[in-house]
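See below for the structure under consideration.
We call the chains A, B and C, going by the order they appear; numbering starts again at 1 in every chain.
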Amino acid sequence: MQTIQQQATANLGKLRETRPLVHNITNFVVMNFTANILLACGASPVMAHAENEVEEMVGFARALVLNIGTLTDDWVDAMVKAGKKATSLGVPIILDPVGAGATTLRTNAAKRILAETKVSVVRGNASEILALAGVQSNTKGVDAADSVDQATEQAIRLATELKVPVAITGPQDLVTDGSRVIRITNGHPLMGAVTGTGCGATAVIAAYCGVDPDPVTAAATALAYYGLAGEWAATGAEGPGTFVPRFLDSLYNLTPTDLETHVKISE
Amino acid sequence: MQTIQQQATANLGKLRETRPLVHNITNFVVMNFTANILLACGASPVMAHAENEVEEMVGFARALVLNIGTLTDDWVDAMVKAGKKATSLGVPIILDPVGAGATTLRTNAAKRILAETKVSVVRGNASEILALAGVQSNTKGVDAADSVDQATEQAIRLATELKVPVAITGPQDLVTDGSRVIRITNGHPLMGAVTGTGCGATAVIAAYCGVDPDPVTAAATALAYYGLAGEWAATGAEGPGTFVPRFLDSLYNLTPTDLETHVKISE
Amino acid sequence: MQTIQQQATANLGKLRETRPLVHNITNFVVMNFTANILLACGASPVMAHAENEVEEMVGFARALVLNIGTLTDDWVDAMVKAGKKATSLGVPIILDPVGAGATTLRTNAAKRILAETKVSVVRGNASEILALAGVQSNTKGVDAADSVDQATEQAIRLATELKVPVAITGPQDLVTDGSRVIRITNGHPLMGAVTGTGCGATAVIAAYCGVDPDPVTAAATALAYYGLAGEWAATGAEGPGTFVPRFLDSLYNLTPTDLETHVKISE
């Protein structure tokens, strides 16, 4: 049996070989950055949100990202429609509950997607995951106001109840399906000073779910790769501005072999 | 009493300490850049435009940006709804009349927002401010076709009539409430070669209005900080492309102390 | 009579002098990048998509971009409305059929625009052009799955039938009106690793159509300039991330004289 470090290496190799198409219904703020992140990883991104197009588009996809930032009701309907089609086709769905807990629209949208489609992984910050778990969080927007440690117990409970693996990202990352609890300590603080790095993590998890049938190892290895790219990018960056192009370069240049020795995953 | 130079220093310090949440209803072109500018400054950005969400979201905010680029009727309705709620809560509203004067939709939207909500600052280029003042401008899109000097007199009249401080940005910036007239000469020509630097200035004014109750000093000190970041970024940039990451780095790295000696504000 | 190399030089000179306004109705992923590309070239971009605004806005424009990425029905209606107005005013329309062939919505939208407005140039990747030609393509999203060589014959037939010049971009570019066939070999593989470089090419063709009344030479010289900027940007880039700012710098810094000796256009 492979160690998770070996899986990290294998998954990136498969991603680069197969270039999975990732269908994104995501928010306006991060569309461009998400597409560039997916291209840099080796995946093929497509963005499409029209209700009369999403079912056809998801038919080509190896993974579907549903991200509820900059939401409106018609987008929720399109997400549910795409999600139902993905469910029927066995296409993994990765949910990013941006701003859940901040507004009723977003909390309800995340819950509706979880109820009406088969989600493979939920990826949020600590505040968003606490909100989905029905616990009082301190969120007041889309930035986390709670720590990963504060949210761990609730993430385990949420994953168990929903039977959906949960990934929390932050200074440390955590992936759990309720029984396994995997911690990833790759990453860099500058990632928190750039908008959309969380949303980008969700997209990379989706790309990994397109090549790894186990959503828990897919999410954990995706986050290790993503965090390592952040570490490499930070070396030489002078702030969040110069970090971004270096981050995309690192995602593009990191090899499966680099991962062997540099991923920090513990279980 | 503090000089405005001392206020520039104090405001940036307060911004970094309090990380005010800035709610943006803004155009698609600049959403990502605006969010990264606000994060680099030290603020916490959120973008939300759904009519059934904006009132809840603005309840968490310390400032609200209403930016009328890439406009449609439903967005105008959401802006007015958010603006009315902000008015009732005392949350400062910063209006960016992108393209006012170019089309009826935009001119009317800016006027409706000014009529139905309590705007704290209007920030536009010279052509947009002339259009709001009801004067023939030369605008033919979203880039300024008139100079700040040409618009100064009208800006003073407009601020007096509306009882709303007006900021004009361009090669020189000007802030006036009709009686005070403050000029800011920080800045760099490359800022005009990048899309959304004007919209970013509006967002930074909003962040400053989240920490300074006087919109005139908030706007003037925000523009001096913003322009100084532009100057620093231009050193070593080889064009508008490499300017952008350096600009975000400068916004992030500039300290309150740097402002003491480098802001160029005169009254 | 000028050679096409001389026209490349002349067109960039005219673009920088006249700063044509380019009205874009384009997709959410690329709006920011497109605006920055147009500014770097020397054009003045505006984005506007509201049905009750597009006719007024296109009245100021020297070219109109219709790009069908991230499409919905109301955007198609706005594109057709803007396109009809542009047709009546003689404003050149450049169509980017993003994802044509992938979904019915997109294929039909591209065909409707071609039927109801007078398009000056269609610019797509090989898969998109094959789809418009009614030929089975291998597209499964928005990235090309077919080569320019495979699509050449169909592009010539399509241009002849529609009486609309066709540009295919990829590792090599091709422009044809059915009788002339021009090949452009400027460019760099990193351009394919960044989202929106194809959409950006469409926008630059539009800017050139704003200064050159012949859409075939406008498209060919635009693509040579654009590809050369890609070559210059790749020198020193460490991946697609650092490529982007360098690309914008190259678009900005390239002079008409640089083009004289470096464009690779053959007929």
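We adopt the following convention: a residue touches a chain if its C-beta (ideal position, glycine included) is under 8 Å from a C-beta of that chain, and two chains touch if they have at least 3 such contacts.
Keep in mind it's a predicted model, so treat the numbers as computed, not measured.
Among the remaining chains, those touching chain B as well as chain C are A. Shared residue numbers account for under half of those found at the interface formed by chain A and chain C, and the copies are therefore classed as meeting with different residues.
Taking each chain's centre as the average of its CA atoms, chain A and chain C sit 33 Å apart. For chain A, the set of residues that touch two or more other chains comprises 28, 32, 244-245. Looking at the complex, you find that chain B touches chain C at residues 27-30, 32-33, 69-73, 99, 102-106, 140-143, 193-196, 238-245.
Residues of chain C that touch chain B in their complex: 21, 23, 28, 31-32, 35-36, 39-40, 44-50, 52-53, 56-57, 60-61, 244-253.
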